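Every chain is named by a letter (A, B, C, D, E and F) in the order it is written, and numbering of its residues begins at 1.
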């Protein structure tokens, strides 16, 4: 009698060598699971309970795993030449528990790293805009995270990951087990990131109440819905994009799911709210409204780079050797993006501009998210390099030709380069090029655009005509810090902004 | 003969399934430990040594564990119906070693995260005060950590954690084993945090020498003594508060032990040193002395939030699935605190003030420390939300009614909200409400207040009448940076502070 | 027949107790590896393959390990009294795989921490220099990392770690296995650190193109060559310094390999490029050119401190209990360095200067790198304290006596204190003082100096006489931000620097 | 020679420079000042305390100019700076005795 | 019309504004300047190098005022700014030829 | 009494202070201004957009001085500030009516 086992828990990738083996059920006419179980596994994995007793303790789905809850495993038993599948219920081995703990630790650390991207975004956006709006930008980023946490807790997580049977509102059944916590935390910081990306596109002119309103909707609804289509099955959901055209829409760490969605929402926001006063001359020529603290912005960029080491490698939510490969590819793409952007802007504007260089390395890391787990070194390099060049011309095109005012370039960095990265998977992420894969990716990108830009337009227009989206002209000129928050960012320093 | 095992090392929570089991000592009239040992465990766990030999290698206490030192384990042997306890000495199994390494790694990473809170506090405090004192604030924070490290190494650690038999001065016996190192590091960064909290309350007017003096005393004495009462048994000590009223005073991660102690010390300091020149008008009306760099302060707040992911989840010093739950609860309380504070200040002052919002999320995380390991999602949300509201009115009350000048609000954030969190445990941290638990918590809070405020008063008065606590009026007006450190923080920027 | 095993993989330090034991090969005249293998290890470690089949799958060298590739192990078999060594090939046990995953995780986390040192250096250097050059400093630090990544990927890694047989250009054979990734990442961030150290010494006057040129050469060539001499055998290389005088030149985490090399390169650069305009009066008296944002610089120092918790403890690239000890020693040396420096400068200049204090704690951590894994608490304290005092007088000596302009003190911090730490190993790092060890260290230091200073001189002179090393006088006066990058760091703030 | 001091709103600076150039004024000095006047400041709050900020950022332009040009300059400034809202600012004209160009040593009208 | 320029200590600004309002002066312009005079600066140290800072932060008030009010204004400034310590500052009075209010175009006394 | 206003290059301040001290001028007020003149500014780029920066950082020195000293002061300033390059700056001399030292109440020549 030969036994092979099929795991019901995809994350337990570790081979359990101590329990593998061949064995015979002597004279087995009928296969008794109890017997099979005892022959394959040491007795302590059953804690003296019967198979039926253990089965009752099974979590609702394999996703709700825990170090103390039992798992279900299918063992193939060879009875006199005929194969029979037997389902066995048992508790985790010590080594499986260690693996589980490793998964939890790494997923949490990755979530902490993604969390600090909030600070990175805040620094980047504040540094790239004017001093008179710095408090407002800080407040938006704080609120993105506070609101994001509570909105995703209350509603978003359910929308994104619930199956048909259980509720995940306010964590729901997840709270009963341990795995729900690291998984939720990691997903929560992702959701907050999407809202924060949008912030940059509508900076320096958005009413704070309007901002809060859209932040809730993005974290509770817009992001989770698209997320459920692409990533639902990471827990109990099942997204229709996951099986698209048979090959599935592929987006490992969110070039589209997080970045492009954020970018297209920002595009909708920037269109509805219009450019900042003074951004375009009467003839439409764009004017520079330089940021007030570029070193601060650059450090924000470095902090984002750090965060990406959680964002991409953490997306496996698995403690295994693969995370290093993903970290390396992320790093190569970031570095190549920085080089691509500095080369492009230097050639085009004759100066190695710092803002574009920062956008460049960010663009490289945005683009690599989709294929980061499967790409080669050369693939990562090209994806990053192209993103770096692309972001430069995208920023210029959006500003000069489309006359859209995106103060920090988030439409280009996250929207455009997110789309590039998602397409690039079809060229650098698969063994052999397949037109089906390319189509699947393009459809995913298209669906993402339609969803995010569409709901974004509705959302921003709705806010515009209800609570109001934009501050008054006088307030915009004086700065949102005084108008919205009643204070100044830099008391004691004379700040003199000669722009409107 | 049935064997059950009682662990002598509380942290080795992992089930050792490979060695569990039932067995019979055939014809055992007399139980020989050597025999029992060999029957229960594989031979390699004894490395060819006798029980007596291994026993000699036992570390002084279980706390001094290491991956190579043996452990003591009690096995219950069932000899012909009569239960007999046999103590067995053995080395660790591989899986126990892995667990140990996991404990070390996680405890260190958590300590690194708590370490970076020093930078967060420095940014927060500097940003919330005036430019002319920014160097001084930086120097205080650097010295808190340098002095904290050496003072805690030399004296504090011994006071807090030594048992009656061994010395922990200068690490003492701990240095002989490995576990002492991660544990010490984690405790050391906690101690430094307490000193740093105080810094905010006496900012912008304290003599640097006076500051150094009190920093030494806090890290070497005041904090460790209270710590030994509440947490001594985490190593070799035994704190009287740990068994209070039978239920014990509960403070998982230090709402009282770290935060309130720091807050009440700050209160004593602020009282003794008096308000900054110009803080109160002649009629006692408080005047605003706005901070000079609010974006810097906000990023400091984010860095503190990051640090809290080490502060709370790391307080288990254990590599297991529980840390994720604690991280999630910390995050929810922080977010709720931010929302509570922004709502309160917006309602009360008609503006969503950034300083209060930052104080709010910090307050939420201060408050959750006590019960973070046992609270539900809703509990965490309420504890955080209440803390956020509370901190707003506490700041206003302390300033307007008590006329105490606390430049960054640390008395409210750490003292008051630490107390709130410690009380909240009695309502949200236990299965069923118990008046005894509430009393135990209240006593703990009271003892903490009396100890910290009392020793604080003595300390600050002693400094005042010896080396001096406050700079001269002229120096305060000109700024401590020039007077105390001979330099300016922002050479090249005209800084013009119209406040005194 | 008694079996003892010699491991071929040095990092798998874990005892595999489950497979240890004594056994007899009954009547074994001839020892068949197949048989021995099956008797020592459970069958699943061979996955049904013969020894010959497994042997073919062996990675090129033990360094290219992976969780799925087999290992080679020597087992000593006792056949009738005669010892025979048998080489066995097998796959990893579960516990070895866990250990491997732990190694990967920790090495990556350590690399992330070292990565963020780039931001720390950027803040430190920008804060300690003038506002008109802040963008340039940011750009240099971004480019150091982008260029460093790609140059080290393309060339440096090969030079440093390749053996005679395989190529490591563009990761080469490493990319085939998993371990190459974490190892490369950790080495890559080290290489970038070296280039960044140099940046401080030539700050505020270097042409950006010249900077890029030298950054490539350092990351691709100068650092890797010395690295290969001292650390080559960490992968497939073999460095001649590693066996120096029989005892070997010892430098655990790079006091010399990283820091002094960077410091001596900075010395060469500062000499070739000459002092900043206005740094020395006509009579040679040094003038202060104060930094424009000291709080920013101090936070940079804290970030560097954080990074050092990856730099030193991560240098084991091993998941085990030892990392905590290294972290503690790093921390003690840093704290002692801060105290040493503040005491020295306070005594000497009558003011506790913030710049020197920051340099002090950095110097302490630079100095401890060499011996951090073997030093005692007292050793770490003394090494740090001396470094803190030394750095103060070194900065003053280099400026006043040598008339070299080192804007941030990197020659003293990294060069001088790196050398001190390397020497200190001979006194605090070995059981018993040995003159041979001292000589080996001195030779290593000397070789490092000759190599780095020598190649540095050639490099900087070559750049000077080709693409140019220094900006024009007019550009230096106006600031490099406008001249090199076409922008200003702080638009909106009037920046008025009265220095040239 | 006259010195014209004009206190204007900061965002008018660019336009002002262009219009003054058009009428042949090619030199001026600008400083960042704070003004108090009819234009009310605003209340600010800081961590729960309210305070009044009365001084509003303004730009002061200083132009030294020949007597004959001064009228035209004043007119131009008045037109350009006018938005019709309180706080548009003031123009003051003061007498100047001499002007010297440091580079050349010229003085008087040719110095400006 | 006169222009009063007063160099005062920064922390006197609030009180000054209030006292001047009391005597009917409702317009003024403030700039942040650095003064050199009898009040000695201080030594600073920076990474081991000592240097002298001679310029001390001061505030310059500029008030354009009718001739008749000017005496009273000078008196008030003198009283408020006085602390009796070196560095209290100076008051200078200069002649002004015209004043124009940009918003309305009024000139002369009604413009201020 | 005269008021000398000199617009100079920022890095000349230290030398200027020393040279003026030598001829007995022990009081002055400095402000940070931006100048527009013959010295051309420069183009800057910001994230792909080019813009012209015309105002260049300068320092304005203000010295109130006795009539007789004023010539010598102007001479000294001219000599020290001269680098021979465009943008060296300008010196303007204005009449002053009174000067008051706030601390002592002295006015006139002894006040400065």
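As a convention for this text, a residue touches a chain if its C-beta (ideal position, glycine included) is under 8 Å from a C-beta of that chain, and two chains touch if they have at least 3 such contacts.
Note that the structure is a prediction, hence the values are computed from the model and not measured.
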Worksheet entry | Chain pair showing more contacts of the two, B-C and A-F | B-C
Fill in: Between chain B and chain D, centroid-to-centroid distance (C-alpha), Å
57
Worksheet item: If you average the Cα atoms of chain C and of chain F to get two centres, how far apart are those centres in Å?
Response: 52
Discussion item. Centroid of chain D to centroid of chain F, CA atoms only: how many Å?
Written reply: 18
Item to complete: Would you mind listing the residues of chain E that make contact with two or more other chains?
Response: 31-32, 34, 44-46, 94-95
Response to the item:
Contacts with two or more other chains occur in chain B at residues 18, 95, 98, 102, 105, 109, 290-291, 293, 349, 351, 353, 355, 486-488, 490, 493-497
Item to complete: Go through the chains and record each pair that touches.
Response: A-B, A-C, A-D, A-F, B-C, B-D, B-E, C-E, C-F, D-E, D-F, E-F
Practice prompt. Quick one: which bits of chain D touch chain F in the complex? Just the residue numbers, please.
Written response: 3, 17, 26-31, 62, 64, 94-103, 105, 111-112
Fill in: Partner chain E, residues of chain B touching it in the complex
278, 477, 482, 486-488, 494-500
Item to complete: Note which residues of chain E are touching chain B in the complex, please.
Response: 10-11, 13-14, 32, 34, 42-46, 53, 57, 59
Worksheet entry | List of chain B residues in touch with chain A within their complex | 14-18, 20-21, 95, 98-99, 102, 105-106, 109, 113, 130-132, 290-295, 298-299, 301-303, 305-306, 309, 313, 319-325, 327-328, 331-332, 334-336, 338-339, 342, 349-355, 357-358, 361, 376-378, 381, 490, 493-497
Discussion item. For a test of understanding, state which residues of chain F touch chain D in their complex under the given definition.
Written reply: 2, 6-8, 31-38, 54-55, 58, 60, 74, 77-78, 81-95
